[in-house]
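The structure appears below as structure tokens.
Lettered A, B, C and D in written order, each chain numbered from 1.
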């Protein structure tokens, strides 16, 4: 733990949980311990009413096969929030999960687009989350658009990006202008640093607030209630942060 | 009724000719027919068009590394917590395979179109992605129910063969899918299904009210081989966990061509040698 | 997690407002929520748009005879070996209901489009039938993958409510469908699902590897009422057989308006009176 | 049993079984004991290789839910033969399962079209079967086309009618000309009677053979092997004809 009294991950969990306010059903993809913890925190803050589906979890309450049902569910408008990431993310919120260089024979090949080209359109509140905040990741223009950040007005698109969370800051996204806006900088980081480490242009108000640190109540909920829940899906993560094992 | 269980792994995979379009299932839950995949590698099958439903990991990476694959149609190939799929990445870089990028619900939609015998299924999303830009088999059509509403038509995927692993098979050739009910889509979309099963079910799966709902009838099954631990090193829900040490060893060895060759010797060709002893 | 089982039949059907689009399931296998249907009749719900998935029998005939139905969208209403559905036939002749004729796979395709959140599904066949001629919501479109190849677009069906009966429900609101796995399509296509269950399952259905594959999660279920013998006089696979004497009695009574009124008195309104005693 | 030594139903079973020769998978709809028996006879004649799905049967081997799977199976080209009937059948093999009179407010309303508008197009060998052979049923033109007998050449139609079996005769159907042809008249019936009782025009060769009576081997197979099998799906039928109960 850093000398702030909380783990950096706990700040991110709190930030994302705030962005999830008002969601009835949050789905979380694979390999997403921080978004997953944020969704479970949101559920605690909402008295358990929020539904959370964590793909790959063995807890029946959260169980989803991550297959046809997941995409159908999104198509029906029954998923309010989801998380996407990218090997590259550009200033128009285009994401690239495919690779670096000229397609198809790229010099670096990542896994592939998974469900992004669909879920980015169908889930109303997509939160982009990428811990690494460098010009290598946050680029001016992605090499391959796995899923576009904005669409022409005639394209049916109930969903799309609402913001981007990194280890340095929180951006909101304005689909009308296709631009990110710096909303807050995490404690210990600066606007100048964010500008230097971001490869795309973004709107930046004259005064950018610090991201609020998680308060004692939030930290207690995360450590006592969320930690044993997320340990089921992400045992290594929960052990490392909180030395907590699965509740299952 | 014919006994469809009279086959071994080698005979099972011998049914798949060079150049076949083969659909395999994603890694979660244990439906990955890894024992059969190793048999396919040993056989030296070539020029496969592998469709991953909708993603893959070690299975696709192994087939690609061993030179069995001409085309891979996928939404993602990854070793998950063990990193990127190394032979897949190397093959893309070398240009030695044709890559057809997709997105998960489009793979499912294409297979569902195959299952229904319809030429396509329309799917929301996708418009403006480079997936659409690089696929000459997708069409953007007009939604006939709304003005100025483009939508992507996903063409039917009709694989020649589906290959997957299930918990149970009976002597009639019915196979119980367990939680992996999407396998029904694969089995019905493909012209032929080849299945490995963890064990034999004594009786008829379709007679059991609790098993029948997730059973694919023998009508869709060409052959079944019993292959205990057939998903290893992947795990299988309710049966055994993934072998994480082995996955890490694969990721480490397959990072280089030499390491991958050593892996093949030890775990693929070596498996046959060990069995023959 | 909210206990979704805190409701009785009357409260369950009270959720369905006049004018709702209600989807019900065909008679085979026992997924017919007959106890709930009688409660709906007693409540005096009006102007329903009933979609039968894909056919119906006593359930639709009862609702039509009792004046609950404005529109019926169906591939067939029949009492099977007990003859034509008499109140349905009388209502068509009298012009007192709007009839939207369909064909079984088109009902399923429409519901599957609703389930996927897509505007339509293309379906083979149908062209040249009077079903297409009399439906202004079907469109004949061009298959984008072949020249001069017309195909019928079946628009999505998104019912306001699905109402069906299942063998098991748990306290979390998950429901086990048994062999009637098509109910999953209804539950996911409809905005709301109301379910009656033969009995309570003690535990979580999604935890059981054998039951989970045919379980619809509580995400899709608005309310569940436990209703033992809830499909009667229909039977239920593995539970009880159809009450053939009763079906014959219905067919005989419902042949006339007076007989049908007597049936309602005895078996529908009388049921409530008997329960109140 | 009549004085022919066999039930009239047994003749129909034998006639239909001949029409099913070469089918790999035969599906039989509800309320079809004679076609069901014919399919099971075909299976016996083919050494058990033929697959038979009888909708509504409880025998696992024949079990099908008659739902989405059935139609998908037909769409995949995996059903070689199916049976349809009609309240009215006309000379172009149009069938009407909906009703009599001006649609929609018809004076007689039947159940509805069920899957006919689809299966008539997708199953290569559709056998029309209707016991009643009168001008009331076999009409010049149906009042409502549940499913058309023929389609324009640009309409994708791998399937369609191959013939019509009644208690009086067997017609074949020529889709190129959209006409029935009288193939044989059942023993005890005449061409003149068929002409008088048929409401549509059909091709009639100068010499029309008698439908061959079922031979001893066929009758033995039907009575000893098929009867207990079909009794599972149609207990009343099997009891009435053969006094046989279900084998299940």
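The rule is simple: a contact is a pair of C-beta atoms (placed from the backbone, for glycine too) under 8 Å apart; a residue touches a chain by one contact, two chains touch by 3 or more.
Remember, predicted model here, so these are calculated numbers, not experimental data.
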item	value
Chains touching both chain C and chain D	B
A-B or B-D, whichever has more C-beta pairs in contact	A-B
Whole-Å gap separating chain A and chain B, where each centre is the average of the chain's CA atoms	29
Mean-CA-position distance for chain C and chain B (Å)	36
Whole-Å separation of chain centres (CA-atom averages), chain A against chain C	40
Chain B: positions in contact with at least two other chains	116-118, 123-124, 149, 151, 179, 181, 212
Interface hub residues of chain D, defined as touching at least two other chains	71, 75, 122
Chain contact graph, described as a line, ring, star, complete graph or other shape	other
Chain-chain contacts as defined at top	A-B, A-C, B-C, B-D, C-D
Footprint of chain B on chain A - complex, ascending	30-31, 56, 65-68, 71, 75, 97-99, 103-122, 144-148, 151-152, 154-157
Touching residues on chain C, where the partner in the complex is chain D	26, 28-29, 54-55, 74-78, 80-81, 84-85, 88-89, 92-93, 95, 98-99, 101-106, 108, 112, 123-131, 133-134, 148-151, 179-182, 185
Interface residues, chain A side, partner chain C - complex	25, 48-49, 51, 53, 60-61, 63-64, 69, 71-78, 122
Contacting residues of chain C [partner chain A, same complex]	1-2, 114-118, 172, 188-189, 204, 206-207, 212, 217, 219-220
Touch list for chain C against partner chain B, complex	109, 116-124, 139, 141, 143-146, 149, 151, 153, 155, 177-179, 181, 209-214, 237-238
